[in-house]
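The two complexes that follow have subunit A in common; it is paired with subunit B in the first and with subunit C in the second.
Right after this comes the complex of A and B.
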């Protein structure tokens, strides 16, 4: 199905007739996915939104349960519930890849987060191929293709003046069939060839991951810590950062537990009872962020945690640049192996010696 | 290479080589043509990476405080950095002999993305360093700029418009605390928002919590603010944080002045913490 770009507003109106549809817009001082209002124009091209769609699945603050004491009886009430269906229209390939990573975190390895799952099940993701990478975008280096978004229900392929809607899941099939009915004649438009685009920034991510596994880069973390403010903007704006903290709001006879976003850049993140803090200094927190993005997540899930959207580069107030750091790691002169790598090497040498 | 960069590199190299200082705090270039970030040079080789040009937007001064264990620290200081040094000394965070100030009469900074002057540079009261151990280049003229224009525009608003303005502002705050981390007056060892056991601050990301944080921070720094505008520059949401600061500075000037702003002299002036028998006491 081909839909003219001029018809995106009508498409959002049609979806919006039965459910909330989030489209790129501006709210609370930033571009982000905002609830579409009937009749407003919808434009999917241009710069990506500054805030990723993460909070639609994993809100910054989320109530988990409430408790109440009444005449000596304690009652608990969970806040987890099925979510109303909604559609997110115009997600870029990098951000769609981030949703797939959040799925790994919240839905796999033997634990299902019911809050995340409720929203995820209710969501229909309509991705759009990216034709506007800017100088800080490097998703291709992180394994994302600008013309594909495998995790999306529907992919809109940019064909110049129009989008070709390709369903990719059952949910997507049903959505596109419903759109065709709703848009009628508006659904057919002349389409050109698929627009092809590529990132101009291509840090050597595979090389960096390999070296982070074998060597210490304390010099890199320390030099970044010399200017990082450890403000956490990078982690709040990152589409894949998923850390949260559980807190409570306690009144006399009732209270609520909620979770809210946390960041490994904050001192409190690793603060323990007794005031011990294993990551009290900035360099160790900087190290954690980049090690998690570029190595630890890959150790656990077989793929990295950075999708190359460039947000943390664009909005870091101190000029910290993950692409430059990836290249600094990849091209650093060979130096000391880590303790772990030394042990592995020694073990292998022993095994070899035993074979001889 | 511009003159300032050249001289800063030469001086930093000399100070490091002869052991006068353990490190030099300035700026270095990043990946993009105009990307600059704060940089600490600890060896003559690193000193060759220092840059001092119109894209050095970040306020470098606060970095000195975390390096004091390493020895005496040199700081490349424009007007705003030098006022921060006075602030640190008045707040007992730094002794004069712990820092070597390489004064840099400031040409005014540009936003690397747009090429426009940084907002704080269009409001700046002191481009020449207010204290220094040596100076790079010649003094620049002080442009005598109006820093209260934004405040005066704001004061034209009706109370309802003002309430909506602040509601919008605090709904937009993501509470990253970049403003606090960057501020040269925010030097508390444990900020009130981090005193978890006392629980001053709720963890929820709501406008009410952000308003509470934002106003307490503004008042806690109001009579010490050096008007460097760094809080507003670093805010990822570009919130107009200097409004509350300028409001306080202007009120202090009117009520207890003359008050030129924070950090102009080594020990103050500090009107809200100085008692005069003829102070205004209208409310008593």
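Right after this comes the complex of A and C.
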């Protein structure tokens, strides 16, 4: 199915007839995915939205349960519930890759996050191939292709004046069939060749991950900590950052527990009762953020936690540049091995000796 | 001697975030700032089965919730030993029997009580590090014949700060081949303490020398604050323990309890889900 780019508004209108459809737009002073209003134009090209689509699956604040105290008796009522179906139209491959990573966090390793799952089950993701990588984009270095989005239900391939809609899941098949019916002749536009594009930045991520697994880069973390403000902008704009706080809203004898986005950049994040803080200094928090993105997540889930969307580079008020940091780590002169790496090496040597 | 085997990422399923309502059935003073609090379901039952070393989140609306090691499990209750150190624990200390709280869990893994069978056990704890360790001591004493000699080395800042005094000075010493060694860091005239005054790590070494203890066929279980943990870990390794034979239970700020919220992340593990119990051999492989 080929849909003219001029017909994207009509497509959103068609989907919007039965469910909410989120499209790239501007709301609260930032570009982000906004609920489409019937008749408004929809443009999927150009610069990526400033805020990633993660809030559609993992809202910035989300109620988890309500509590009530009545004559000393406590009652709790969960807020977990099925979610109305919705579609996200025009997600870039980098952001689609981030959804696959959020799935790993919220849906695997023993516990399924029912709040996330309810939204995830309700969502249909329509990705669009990226033909407009920005100067700060480096998704290809992080294993993302500009012309593919395997986690999406439907992929729109940019063919010049039109998009070719390729369903990739059962949900996607159903969606595309419904669109064909709704758009009629509008689903049969003329198509050019698929537009090809590439990122300009290409940091050596694999090399950096390998070296972060062995060597001590404290000098890098300290130098970044000298100018990082630990404001948390990077973590809130990051499509894969998922850390959250759980807090409460209190009205006399009743209230709600909710979760909200949190940031490993904040001092209080790891502050324990009794004032012990394992990551009290800025350098240790900077280290945690980059180590988590570039190594720890891979240790746990088998892939890194950065998709190279470039948002944290574009909007950092202090100029912290993850692509530059990746290259700094990859090309630095040899550093000392960390104690953990020495232990791992010694263990392996012992094992090998036992074999021989 | 077979290897100590720890399970990781073993707590599974359940409704992760929403607690069940539980009723406080007993509140007792342990020390001037530590209380024992027992909870059960409103129907009078055990909230859930836990294995020694596992954690639970205790929730007290409207103040908040905190993660604790479950100190003990009775036939129809869970027991927490809670030190007053912050906003929520201050409120938890105001609980009276009949009050209701939220409890969710069990979270995390457990002490290697299975794979440690047949070994001598050395428990090392400081201050409020005793309650988690005690869950294993309790299990070992209930299955006394399964384990060899038991040594318990416990210290606190002052005599007043020692928790479980009944166990330390009356119950445990009566158990077969069970030896309790207690020290305090600071003693003053008339505080009731006439025993050893000194820090845990050097005291631990003294105990090993005086009692002629060996590290072969033994497992050490360690829990305490950061400086006690550091010094006693060193001492245990210097005494000759293999890092694979030293287990510890870690503590971090936690919110979700199910390995998602990110707070207790260290390297590739989450303490709440993969821990809190690790061997020193495992910890040595995790970046600090």
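Here is the rule we use: the second predicted complex is superposed on the first by the 344 of 356 C-alpha atoms of A that agree within 3 Å, B and C clash if a C-alpha of one lies under 4 Å from a C-alpha of the other, contacts with A are read in each partner's own complex, and residues count from 1 in each chain.
The rule is simple: a residue touches a chain if its C-beta (ideal position, glycine included) is under 8 Å from a C-beta of that chain, and two chains touch if they have at least 3 such contacts.
All values reported here derive from a predicted model rather than from experimental measurement.
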| item | value |
| --- | --- |
| Fit or clash - subunit C, subunit B, common subunit A | fit |
| Contacts of A:200 with subunit B and subunit C, given as first, second, both or neither | neither |
| Angular separation of subunit B and subunit C about subunit A, which is computed from CA centres of the superposed model and rounded to the nearest 10 ° | 90 |
| Which superposed partner A:18 touches (first subunit B, second subunit C, both, neither) | neither |
| Between subunit B and subunit C, more extensive residue contact with subunit A | C |
| Contacts of A:61 with subunit B and subunit C, given as first, second, both or neither | first |
| First (subunit B), second (subunit C), both or neither touched by A:219 | neither |
| Which superposed partner A:245 touches (first subunit B, second subunit C, both, neither) | both |
| Closest approach of subunit C to subunit B (Cα atoms, Å) | 6 |
| Shared contact residues on subunit A - subunit B and subunit C | 245, 247, 271 |
| For the subunit B and subunit A complex, residues of the former touching the latter | 30-32, 35-40, 58, 63, 66, 168-169, 171-172, 174, 176-178, 181-182, 194, 196, 202-206, 233-239 |
| Of all residues in subunit A, those that touch subunit C in their complex | 64-65, 67, 69, 72-76, 78, 80, 105-106, 109-115, 242-248, 250, 255, 257, 259, 262, 264, 269-274, 276, 278, 288, 291-292, 296-300, 338-340, 343-344, 347 |
| Contact footprint of subunit A on subunit C as seen in their complex | 9-21, 59, 61-62, 64-66, 85-89, 98-102, 225-226, 251-253, 255-256, 258-263, 265, 267-269, 273, 281, 284-288 |
| Subunit B contact footprint on subunit A (complex, rising order) | 28-30, 60-61, 135, 223, 226-227, 229-233, 236-237, 245, 247, 249, 258, 260-261, 263, 267-268, 271, 282, 315, 317-321, 323-324 |
